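Okay, got some structures for you below.
Consider the two complexes below, in which chain A is the common component and chain B and chain C are the respective partners.
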Partner chain A sequence: MAMNEYTIALAGNPNTGKSTLFNVLTGLRQHTGNWPGKTVVHAEGFFTYNNNRYRMIDLPGTYSLYSNSADEEVARDFIIFEKPDITIVVLDATALERNLNLALQVLEMTSNVIVCVNLMDEAKKKGIRIDTKKLAATLGVPVIPISARNKEGIDTLLKTIDSMVLGKIKTNPITVRYSPEIEQCIEKLIPRVKEVIGDAYPARWVALRLLDGDMSLLRAFQQQPLPSVKEVSIYACHGPAKSI
Partner chain B sequence: MVRAKISRLSDSEPGERFRIAKLDINDDIMKRRLLDLGFVPGCEVAVLQKSPLGDPTAYRVCNTTIALRKEESDHIYGERIYDGNE
Partner chain C sequence: MHATVPQNRFEELMNEARALTPADTREQIVAAIFRTSQAICNETVTYTNQAKQYETEKLDRIFTSKLWGFPIMLVMLAVVIYITVAGANIPSSMLASFFGWVEGYLTLFFQAIHAPDWLYGLLVLGLYRGTAWVVSVMLPPMAIFFPIFALLENYGYLPRVAFNMDRLFKKAGAHGKQSLTMAMGFGCNAAAVMSTRIIESPRERMLAILTNNFVPCNGRWPTLILLSSLFMAASYTGGWKTFVTASVVVAMVLFGIVVTLTVSWVLSKTALRGIPTHYTLELPPYRRPKIWDTILRATLDKSIYVLKRAIVVAAPAGVITWVLGNIHIGDTTILAYLANWLDPFAKALGLDGYILMAFILGLPANEIVLPILLMGYLSTGSLTEVDGLRSLKQIFVDHGWTWLTALNMMLFSLLHYPCGTTLVNIYKETKSKKWTFVAFALPTSIAIAVTFFTAQLAKWFGIV
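Presenting the complex of A and B:
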């Protein structure tokens, strides 16, 4: 029987045990190198589960996807342009507040997200208790408590991954609401954004990045192949003035 | 009760605690960076230690240790927390 292959991206802050989880899942079936043209380490591994094959990419550990460092650009571009089937966000259970910043950023970009709260053993030692069910209800995506180094919670994670690629899990990610002024601008921008880049990208997120003056994202878009024939014809009509 | 005076984070000494009131920065990238690192208004910061030459300084914020240079911590304003005024 032919296996389907799915891509999983692993995102998370530095020192959350992201790479420990990566090693637990992929074992020795992995190779590392650099991202093309960047001095950022690229780690990729494979595993199979329930007759599906998974390619897993360990994204660089970052606190954010917006601050214009090479690491953050790599992570952002992978999620937006490579469109992994699932993005797993690994959180440090002992510093949830800090870690949720990145989780919310990823949830603005894609709805195929599983949140892993790692280092649950350490949190327990420190007397921190985490209501992962409530967190899942608030974030609108599955939240799995794990302890990667003790291999706890890995079965549940694999089952959740399996259910998600089979379309058995419907996520409903939380939408971060901004001030009325910003929301008005977003509303105005979304139709224009869709006109230019089509439906292939999260329009609300792109509108937010434009409002933030994110030049690095615009440059990344310019390096992408044109999304539709329609757009080509529109710009062809305007003769030599082709800059977007 | 006298209100605690607003000061710069860079003026705080190791062992002190500090509550952030605002980030006064024109450089958008640096501002975003500091916010992403957890230096958010309302947050409490503990000053851990200075490096031998006095710069950078290590801070504890949101349960993680982050070192900032003076040129960064100069832009973070707030008040020192004394055991009396929490």
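Presenting the complex of A and C:
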């Protein structure tokens, strides 16, 4: 039986142990280089689990995905245009509040998200307790407490990945509520967004970016061939992701 | 089959959105995200050791508070400079007397071997004296200033300074990260120009490059501190003297920052128009630095490095200056000839020909401006032995210096063109001869304008 290949993107703030997790999962099967046309390091690795093959992309560490920098654009474009099967967001347990900002932004872009709360050991030492079950219920996606450098929680993570690609997990990501003023604008824009770019992209998120006047997204869309709806589904299941 | 994105329709959509958009959309969006994160954390995170969690937050509430942030920064700067000035005087004098004592033996040695006068002049009066002055006036302040600065840095205070300054830079139309590159400029402008790579937007990066020079670097701190202590506080004694000296240096630094912001603001409204972009600055937790380790490293890395650079460049410069000062054309030396030629212009700026020449010859490195000036003065015949700071002041006074000369030299040093290394880096980073020239001409014009203004103002009020 042929193995299925799935793509996983790894997102997170800088210094959250994102690369440690990447190394734990992929071991030595890694390639590094640059993102095409950008001076941003691109690292990808492979691993297999339960008869599935995974291609894992370590996105640049960023605090947000608002395209303030080349790093942020690379991370954003990958999630939006390459549509990874799963996006893992790594959070620093000792600075959860700040790290959650990025997780919330990712959840606006895709619903196939697993949140890893890393550095649980350090948080424990500092007297920080995190109710990950409650966090999972609030965020509407699986939340796995891990300690990447002690290899704790990795098994649970792999099982969750497996369940998610097999469609056994139903996620229901939290929606960030904006000010009434912004919400009104979003409401007006969503039908127009769907009209222009179809269902291939998260309409609410695109509307927000438009309101933010994000010119780099406009450029990204112009460079991007828009796949027809039929192709999107094939693409998401089997197609090897192309570079941007 | 691929349907291409309907480009013009997408652009249309964008314009539509723009028409709807309230002015502070980004702030509203970010605020909503932050609020949500906070709400989630309140529900899911508990602390068993409350006090420990909030240490950093508590300190930040003080150090980065809107009310106290700036006064605290000012006090910190003043204290650091006060300690530097107060602490440097005695070791400076001791070093100077030590070098004077050695010079006596050197002279005896040269007499004993019947060395020709020119050799004695070149090696002892040119090379040795110049270098001795540099070491004795520059080493003590550096050995105090750099370790204190490094301690503040390792404690985690400097990122807070950047955080406070961020507001000002944004108001000036520049990138908040410019506060970081500016902070780096206090160490070395050449390195700071390279560090502007952290700024993504070319426009904001250019602002940071063009204005970096307005904060004093390693090479200029000693000049500012020395001139301030010799001339600005002359009528005070004891603790007051130190206090006034430190205040003048602090005022210089503040003036440099004001010029940085003003020039950034003017440029961002004219040649480099645009709106500042957002960024995130992670404030590391405060930690107690390894004190001795930091002091040792700062002393070895910075003080010795700067001193080495000063000596390596100053020694040949000393020789050249001595040669220029001792080769006669007709009845004047080349040095005197050049200085005289520059003199009328320099006088209008409240300086003199020798000072301006020292700045010109000092283009390779700011560290050598003062040594070249001293060697220039020494070569004019007023031979002063290296034996203490009082005689150093005498050299200046003998050449007609007043407090205005010192003030204007400090201002010129603060504002003039970047050193050769920095200019080379600016060219490498911008790949543009035009902008490199601007980086040279802009500060120079400002330096000339400011010193001219001060000099004329002082003359007008007759206070010199």
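Following the convention adopted for this analysis, the second predicted complex is superposed on the first by the 224 of 244 C-alpha atoms of A that agree within 3 Å, B and C clash if a C-alpha of one lies under 4 Å from a C-alpha of the other, contacts with A are read in each partner's own complex, and residues count from 1 in each chain.
Operating definition for what follows: contacts are C-beta pairs under 8 Å (C-beta built on N, C-alpha and C of every residue); 3 or more make two chains touch, one makes a residue touch a chain.
Keep in mind that this is a model prediction, so the values were computed, not measured.
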Fit-or-clash call for chain B and chain C when the two complexes are aligned on chain A: clash
Larger contact residue set on chain A - chain B or chain C: C
First, second, both or neither for A:K168, with chain B first and chain C second: neither
Which superposed partner A:L104 touches (first chain B, second chain C, both, neither): second
First, second, both or neither for A:L135, with chain B first and chain C second: second
Partner chain(s) touched by A:V193 [first = chain B, second = chain C, both, neither]: second
Which superposed partner A:L211 touches (first chain B, second chain C, both, neither): second
Region of chain C that runs into chain B when the structures are aligned on their shared chain, from 200-208, 236-244 or 272-280: 272-280
Set of chain A residues, in rising order, touched by both chain B and chain C: 63-64, 66, 68, 97-98, 101, 213
Residue ranges of chain B touching chain A (in the complex, touch as defined): 28-29, 32-33, 36-38, 61-64
In the complex with chain C, residue positions of chain A that touch it: 14-15, 63-64, 66, 68-70, 96-98, 100-101, 104-105, 126-132, 134-135, 138-139, 174, 176-179, 181-182, 185, 188-189, 192-193, 196-197, 207-208, 210-213, 218, 221-222, 224-228, 231
Touch list for chain A against partner chain B, complex: 63-64, 66-68, 94-95, 97-98, 101, 213
Touching residues (chain side chain C, partner chain A) in the complex: 1-7, 9-14, 16-18, 20-22, 25-26, 28-29, 31-34, 36-38, 40-41, 43-49, 52-53, 200, 277-280, 282
